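In the two complexes that follow, chain A is the common piece, with chain B as its partner first and chain C second.
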Partner chain A sequence: MTLTAPEWLKKIHALRLDRPIRIMNVCGGHERSITMAGIRSALPKYVELIAGPGCPVCVCPEEDVYQAIQLALRADVILVAFGDMLRVPVNVPKKKVRSLERAKAAGADVRPIASPREAVRIAQQNPERQVVFFAAGFETTTAPIAAMLLEGVPENLFVLLSARRTWPAVAMLLDSDTPGFDGLVAPGHVSTVMGPEEWNFVFEKHDIPAAVAGFQPVSLLAAMYSVLRQLLEGKRFLDNCYPELVRSGGNRAAQAQLAEALNDTDANWRGIGVIPSSGFSLQKRFAKNDARLRFPDFDTEGRKRAGQMPPGCECASVVLGKINPNQCKIYGRACTPKTPVGPCMVSDEGACRIWWAAGVRANAASDEKATADNMPLPSTG
Partner chain B sequence: MQIIQINGFNALCEAKGVRREVSLYLVQGEQVAIGDFVMVHVGYAIQKMNESEARSVWELHDEWLASGADSA
Partner chain C sequence: MRMADRYISLAHGNGGSCMRELIETVFARHLSNPLLDVQADAAALPPMEGVIMITTDGFTVQPLEFPGGTIGSLAVHGTVNDLAVSGALPCYLTLNAFIEEGFDMAQLERIIASLASAAREANVCVVAGDTKVLPRGQGGGLYLAATGVGVRPKNLELGLPRVQPGDSILVSGPVGDHGIAVMLAREQFGLSGELLSDAASVLPLTQALVPLPGLRFMRDPTRGGLATVLHEICRATGLEARLNGAVIPVREQVATVCEMLGYDPFYLACEGRVVAVVESTQASEALARLQALPQGCEAAIIGNMKHGRPHVVLETELGGERILDELEDDPLPRIC
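Presenting the complex of A and B:
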């Protein structure tokens, strides 16, 4: 019974909707799969796929990156972070250190890590140093950080937490006058951990169809089919197109650990603003490992453009799905992976970086609108 | 990745010939055993993989219609 990706695609083409439909995804992994597999150009012309808020590094507050850089520059600190955070620029004058990578080049001990367990190991191996783990991520990454804390961390490990929840950003979009999408592909691994029910509000409160998808084209296409058919037949529900991993209720042990180690907080999204209950902070019992309590705030009041995206950078609009990556005026011009201006061109989950990696070079900022025509053709691999 | 060794909350997992240490701390609610497949994110198993069922409610819906079960 299980259909293949080409069969789902055929079913999508057999649906007849008579109006333009915009389907948003909110996961960098989804956007990567969609873009690399050439799904945009394989779909009927009336379907537009939008990359929404799916990149935690892209919305990590500029002040937090600045703080991490200042900590990294201390001789007694080893700064560890997931690799794609290292090149995110902050808004400081050209002569100043503007990224963790530059701090490293200037002699700071900055180490990219791939797992919270590496942070623990580095702290254990360097008991005389203070190890700061600068951690941005959505729920899927935050749960391992909670697990790390609960398993026990060395006294010299301090977490600078910039973790975010995914659904509040979607709720914010849907509560606005211009959500900008007609259907949602809900994130696969966030739903695996938190439970797909988190996304019920999309159809219950906003009458927008939704489907959870995994990262293979077969799952993404099934989710797109489900959303389109819900629109066609006037039905609304949350479909689960990633059944091999996403279960009702999610991973309850992981949720319990999140609740045990971390608090919900209102949180700032770079260039977007504060979204209620969209962030996490360490519980009191982990105060001794909280970098925000351990170290002073290095940010000076009145620092120019603190908290903002860099000048000319439209990452905030890209993150919210208001424009396509190549509709930003500096995409591919001042801003490339080699010389990134905004975080969306830095992170592996950033839509600009993904589109660039897929070969999109044309800047569509002067055009009325970027379309699927700007996208590369499906790969044959 | 497939679990090939378990020692407490630590597992040795393998995928495409690559072996990695993986924490099972987040999947304490599941019975995981050697030979199981788990989804790994930043060094932690986040869920055990299931046998795939229907991929969409619409698959079940259409199958049900095709089976002629129309008296419900």
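Presenting the complex of A and C:
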């Protein structure tokens, strides 16, 4: 029997749990669908949806963005990047170029792209220039980059790789004293590539229910229902609510490409710190296309707050689901979508941006009672 | 025209024989009408009945030719539509063309021919014009600027102050076609497609609504799209615009591209649609009038104005809601 989204919603409303439940997703695509479909405001009040570390823009280290900006400012470089990286600010003195977008406005050749193929095309069309591909993203974005490298890339294309695996951040949260969530909606695209088994540790090791979801409201609601029902009935397993695409073992060809082109590496997550084996680096044979080897490190020793969050910004706590966006002191004050301070206000997958878009304007930082279970919702009348 | 003149040169803007030939053989030939006198410095217009309305607009679209239009037809439609949604009948246009040195003469011909054909269809005459040639590298090929003059009946009152709580919101057709068609025509992001822009004169639509006494306000949702027009209404009136997401017309292809790149169709430009606010008891009559026109066959009543915070609130098919916030920046494609 296939249920529709409204039917799943009805089933969720019929469940009776007697405590606040926090369900975390770790995928920007999920977050977008949840917001677009208005799922937050349609769920029972006791269920809170948390955007976990699933926004690649939000976790991309400050020093990588800084380096991309410095490269973009070189006259002999075309910098290409996925669009929403362009507005991420770094910590530089006033009047210095603080984002790729500002670099572009100042005359740098910065081009937003949507796929690695475009980076290759731009390099082919501009053989006299050095094209730097600032590649941030999770496994689903990284697999095509590995494929691109294996297919062979132009000599003048250099990859500034800032790619991450999704599960290590969730594992780190669960290993901490305050994981901050009761159930997990596991990412659909990542599971399609890497296999759903990657997420077994969530229920096996941590006794937290989990369900893989796709990107339609119907699949997301089915996964939320599964997680809630597992909690209610005391069962724990990894449900697959995206069986159309997610198969046991995942996409082995893509995994092989990742393994063939890239190495696992410890990686820094913005504001969170280094997580073991959570990142990727180019293998030695692609050294000539590795922007990190081609260009010296621009992160000058003296730069204030290099690698850190901007003053007052609590994006790290937001990304980890430790506080609500409007519990950050600068939310809606110094930090708005027009003048983003932290990365979570930049991307439309960032939790702060999402809350802002949902109409939350009040800052709750001074109000100690503002807790996770009373997320303000847009007025209904 | 001389065979050598396959491309625009600086000589075409120097006031001499080349410029005269360009004006006569391209512009005047396509746009000729009794009021356009290429020898005179100013056009004399006959007296007009009603309130004289004037508007001006600049056009810099890239690419210059896209499925469903050109920068030329867009200049006519954009200018005519600003008059039409004000309740006016467009009558005259003036035209400025800023042409980059090296521009292909055949393409200029095509664009001016499409401009002329759009003007004929909208029943407006180009009565004055000017051309300038910019040195190579100083323009995007061709920029156009147009000023439109029209007349509005003296007794017709339209405008934001007339919008009341309870009023219905209508849109004359699917939103976002123009924005996506132009984006696909740029072949950016490795995407291409056959979607046609909705660019057209909205005059038939606005003229069908103007006789309704319950018509409060009309606007063409160009830059910033449907959401931005509704924001302007909310900001001006202090009312909430509440939309039913399930009934707002969006073409499948537009929805798919938006899904892939993370765009929101409600913020994408249209160039041939009308958003109208109508007193609720006349909403179905207004809808019937729009749907009776080929251009309005997919029109819909999409929501209403109500007391509340001045937000644009979209009710989703699930019964949830989301706020369509004011556009902060140019939308950018997202990572995944």
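By our rule, the second predicted complex is superposed on the first by the 365 of 381 C-alpha atoms of A that agree within 3 Å, B and C clash if a C-alpha of one lies under 4 Å from a C-alpha of the other, contacts with A are read in each partner's own complex, and residues count from 1 in each chain.
Convention: a contact is a pair of C-beta atoms (placed from the backbone, for glycine too) under 8 Å apart; a residue touches a chain by one contact, two chains touch by 3 or more.
For clarity, every value in this text was computed on a predicted model and none was experimentally measured.
K.L.:
Name the contact category of A:E244: first (chain B only), second (chain C only), both, or neither.
P.N.:
first
K.L.:
Could you say whether A:A254 touches chain B, chain C, both of them, or neither, answering first, second, both or neither?
P.N.:
The first partner, chain B, only.
K.L.:
Have a look at where A:A211 lands relative to chain B and chain C in the superposition and call it first, second, both or neither.
P.N.:
first
K.L.:
Per the contact definition in the header, classify A:R117: touching chain B only (first), chain C only (second), both, or neither.
P.N.:
Touch partners of A:R117: chain B and chain C.
K.L.:
Please indicate which partner A:S219 is in contact with in the superposed arrangement: first for chain B, second for chain C, both, or neither.
P.N.:
First partner only.
K.L.:
Looking at the overlay, does A:S347 come into contact with chain B only (first), chain C only (second), both, or neither?
P.N.:
The second partner, chain C, only.
K.L.:
In the overlay, answer first, second, both or neither for which of chain B and chain C A:G29 touches.
P.N.:
second
K.L.:
Touch test for A:P144: chain B only (first), chain C only (second), both, or neither?
P.N.:
Only chain B is touched by A:P144; chain C is not.
K.L.:
Thinking of the overlay built on chain A, is A:G107 touched by chain B (first), by chain C (second), by both, or by neither?
P.N.:
Once the two structures are laid over each other on A, A:G107 reaches no partner at all.
K.L.:
With the touch criterion stated at the top, can you tell me which chain A residues are shared between the chain B interface and the chain C interface?
P.N.:
In the superposed arrangement, which is not itself an observed complex, chain A uses residues 82, 114-115, 117-118, 137, 140-141, 189 for both chain B and chain C.
K.L.:
Which residues of chain C touch chain A in their complex?
P.N.:
Those residues of chain C that touch chain A are 188-191, 245, 260-262, 264, 306-309, 311, 313-323, 325, 328-329, 332-336.
K.L.:
State the interface residues of chain A toward chain B in the complex, per the touch definition above.
P.N.:
1-3, 82, 114-118, 137, 140-141, 143-144, 147, 150-151, 189, 192-193, 211, 218-219, 222-223, 225-226, 229, 237, 239-241, 243-245, 247, 251-254, 257
K.L.:
Flag every residue of chain A that touches chain C in the complex, lowest number first.
P.N.:
5-6, 9, 27-29, 32, 35-42, 56-57, 82-87, 112-115, 117-118, 121, 136-138, 140-141, 189, 217, 221, 337-338, 347-349, 356-359, 378-381
K.L.:
Using the touch rule from the top, collect the residues of chain B that touch chain A in their complex.
P.N.:
Touching chain A: residues 9, 21, 23, 25-30, 39, 41-44, 46-47, 49-59, 63 of chain B.
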